[in-house]
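In the two assemblies presented below, chain A is common to both, partnered first by chain B and then by chain C.
Entry: the complex of A and B
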């Protein structure tokens, strides 16, 4: 068993601890912009990155949009506790991006070692990007993958390394700054993230992973992920994130734009474990061409408030979207998650399989929209959502919307909400399993459709996050 | 001359979702007369269409009635609430109070004699005491120039039961809102919705079934067919309120799409603020399957006839269950519009109902 598996595959909860994620490194020597949002902050970020003029213009236009846009008054969980005037949009450690862990400053290296990233890279990844606060501090990819023509870098480096035309063609076209207020904010202050380009016909045997760590208190992380899959290619991209807990609000408003070419297939997996002072207002969207496929695998465990709805635009005939997600809302959490699918071409197909759990006063809302356009002849959609209430203090809502405008389409939906049955608990306890452990077993079984879609070490991590939540150990 | 006012928050979802879907409520313009709609005080028993529409109906009603069914009594004749016809009221405002262990049928019929341009409506409140039983039938069959607003609110005490049978068979715009509050132990609501829409008709429904009583139950089944360019929205919410331990709510919807320009919006919501409850929902939206069509083609039915068969099932159900002559006539009016004049006698024969239309 590797160190990673060893660390995560603890038999009992005493071996699994929030300390895995909840440690703070000192900020001394870091560059930190003043709290709040201003033209000066935006220009400073752009200047620091030595960007082309069009990118600065895009940032400033987005800032103007942000200042004039309102959040819908009727939307989901409250974000009243989030005050941008108390958030620093840019915090950076004094280090340059490295492609060897040996060149990463010790405290940052230790952070990622504790999170198991270098170990995972050696064992099972084709490449890794590690972002610490606002900047990517480590980036590397296996030589054999690079030789296939795969580009895996940051958006900033892509702009400087001869890929500006590609970035300009795609950046901000799928998630436009006008999309919503926090999309506008993102484009004003984005920093870090990933740029991935997979050439035609290239299939990556191992996943790429980007890990986002937000160490600074009262800071925002606004990374941008741009992935382009040319026809017939395949990629599994994994996104992980965590942060220590503070008594002040942190903000994550990233953007993920995925372009899946003809016959290409992209699996995008996320295990999100932000701390419970985090406002996770992230936006993800994929456009899928003819015969292409997008798979979203999503585990949402952290954050104080989440708005997270990965969106699939199926614009090519026979393209496909699958969403498999689990959300666990514990104490102090109000997680509004789900997905959106737009079927806009003939013979497109989509499936949604969502699970949610609520415990210790947590609020979990599953929200989806399925839109079948008049062009989507013979579209097929299946939506399934199941919610488990783990105590009487919690809340779970299911709000699925379907808009069908083609008579040849077929859409099926099912939803259930309930609790762990007394019979199930009795059965397990009669075989000598203590009640708490029995409950955890049932919850792990409930989550199994999601965890089985993840690579082993991430599935183990997810199961242990569930264990921590079941014990109320995540503070 | 009457002006027009826009009512806001009509058929509003209890918890809104994406605004871009234009699904959170329905825009409705109504004649104002001299006065503008004003926001009403909170109602003891709210209705499903929302406070503004409810207040407008109440203020605009030209027929008001309060019916009390006394303790243990079974009201022999249904409470008949007919609107829209030549000698009918245009808008009715009705309160039905059912005392302990009493029982009554209420029949709402919205009809029209000729095509025109009018807004009709019914505001119905039902107050069900312990063990009371109410059976509500709503028939809507109007010409395309009409819009009809149906607003029902009900409160159920211990062991009270309410069943509501909607036969929504067409109007230019039909707005149906139902809000039930099962506050009592074992209070039960059963809602059955059958609908047909054709041409450019719009049907907008909002059913909000709240379960706050212990072991209370709510079941909703909706089935309908959309033809041509018809638009339909169904918001159905099971609200499992804290304290309603042992409550169970089930929703099921089947929609048949039978037109190139149809728009179907479905929003089956389950809100859960209680642990010891069960909520289920299922929906199937689509056209007649190829296998079913082949089966019917083998028996000499073309695709159009196959779809008509499904419409016929809705009409037959409405006709055979019609509790009054006015309801039956509304069903036959719909039969003529959806199936043709020749179908009326056949529908009557099949339903086992005797007699001809009154109108």
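Entry: the complex of A and C
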């Protein structure tokens, strides 16, 4: 009960302001590559990382693909404001990766302290990675987890520390550079991110967390997350992200590749809070083997434009995908989010549970795609999307696509769109709650099914983000 | 003695229709009143207008509480001043657990300052008074609750907030026996613990059997037509509202002539 109480008694929320996220650290002394994309930039990144030849070749092939592929133009939010020639693909603080917070430079340490990362590590995490602009500046994992054979590092370090074979086997195989233009871009200039390997039968009691902070104006962040769960293992991985607000466009085009082995279970939670000048063109995909399970928990609050559809490929019999997500689009935001599931084996199951909020002219679009292949006998899928529009200026759309090619499959879909009723406001106000708080309370309640899937600190953060949005702070 | 609540010359309604005509009503601290009248008399509307429901507009007259004009105050301010309205059909709010809702509304009131532990104790006490299982506390506010359960939640809030004036909108004649006994029990506890004033809106006289009523007001067609001692309740129970409708008609004729 105290849990419930702490999460939702409005006055228990600490006073929050946008300043919590919206502070800028000086960039002096940083290594920053010239804006725009060129063979030279790609080669410089590769050289700096001292990586194997196959990786450089992959980067250059991806660059060639990028140059030939078209921008998405006939669907989704406009990305006309994004000009790659004004984006620096690589910005690095001049520091080596540390595994003690004491060794992290002061301004960067202060950034993460203000975001509560070291505190979270002490309290409730098995390991933490922290990326600042293009490079991971901090990485640490509890000894007892390392002793179980769990590897948690960056892809760059995995290549150097004897795991090149594993990286080579998996890297870029689930999200291929050909997938779309920004996947190609990602593979040309990727930097930082996480590499996680969980051996067979190992269950992590506490989550691992990577936090991504983009401090530099006009920069791109292209981190690569590669997670491999061997059969029967369990991991909860959390990613958080934020950035200060600039008047120029920033770009995030990460890639997340998740390999879930037989009977393994992966929960992947995200609280995304990019600033509202960010183009968030992120790609996430999981492949799940027999009896395995992927759970996506996703809170999308930030960015100017988002295209984000975590994708589950269910390739093993009885494998399962669950998606629980909430998207909140405020002023100046056009967020196109949802989920894609490909059921490609018998007795696979998937559920998609999405919530969307729009306010002050924000546009929130829920887009889902469910594909049931001829192989997926007795597949079961349910998709539900509930939208809440907080004023008449805002917009909420639901675009579910279903491609069912197996007669024994059962697929269900429901969508609701609503507003906060006058009766509800009157009821809450007549118990002493001011109108704004009453609205926030209803919205928090609406988001509750998602926030209760998150660890407590993140649920609190999510409630704070909702509170910020409801107060009309334009971050 | 000056009134706790004083409604004078109140005319109010929705955008297209006047519902309340020149209503006067005085309520003294600690006393019990019943507002009776046939269906559609405007009783519920009066309750909502006193609480400040924005779906109604006051076109003339004033509402004063403890001598202060509150006619244009928002419902949350009226609530904090000490007015409570119990709804006949409370809304459901998904995702907001009852317990944290109760905590929030109590925290709005400095006079109810309690530690988490004191608060929990207090809630448990009140639940016991109402024979209400504490299992409800973790459920979402009113979501999927039966009529009787919703009533309990209204009474629970009444007893926690201890307002100076409680307006109980019980116009729904469909109250079942259980809900009826919950309301009676809630009223008894309210009267005995904080000596608040009570205005019960009803046309169901059974609810009044166990209550010591100080004064009865009768409304017909949006007009306050009569008032008298508690014996009026039995009389209305036997004879209905025909007499009062005639009174209003006569009055209207008189005004025409």
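Here is the rule we go by: the second predicted complex is superposed on the first by the 460 of 475 C-alpha atoms of A that agree within 3 Å, B and C clash if a C-alpha of one lies under 4 Å from a C-alpha of the other, contacts with A are read in each partner's own complex, and residues count from 1 in each chain.
The rule is short, and it goes like this: a contact is a pair of C-beta atoms (placed from the backbone, for glycine too) under 8 Å apart; a residue touches a chain by one contact, two chains touch by 3 or more.
Please read all numbers here as calculations on a predicted model, not as lab measurements.
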Considering only touches as defined above, state whether A:427 meets chain B (first), chain C (second), both or neither.
second
Scan A:403 for contacts with chain B and chain C and give back first, second, both or neither.
first
Which of chain B and chain C A:75 touches, first, second, both or neither:
first
Partner chain in contact with A:414 - chain B first, chain C second, else both or neither:
first
Classify the contacts of A:394 with the two partner chains as first (chain B alone), second (chain C alone), both, or neither.
first
Report for A:332: first if it touches chain B alone, second if chain C alone, otherwise both or neither.
neither
Is A:353 contacted by the first partner chain B, the second partner chain C, both or neither?
neither
Would you sort A:148 into first (chain B), second (chain C), both or neither based on which partner it touches?
neither
The answer for chain B against chain A in the complex is residues 15-19, 21, 23-24, 240, 242, 255, 257-287
Residues of chain C that touch chain A when the two form their complex:
48, 51-55, 74-76, 78-80, 84-85, 87, 90-91, 93-97, 99-101, 103-105, 107-109, 116, 120, 137-138, 140-141, 157, 161
Sites on chain A touched by chain B in the complex:
72, 74-75, 340, 367, 369, 371, 374, 387, 389-392, 394-419
Of all residues in chain A, those that touch chain C in their complex
1-2, 4-5, 7-11, 421-424, 426-435, 438, 441-442, 444-449
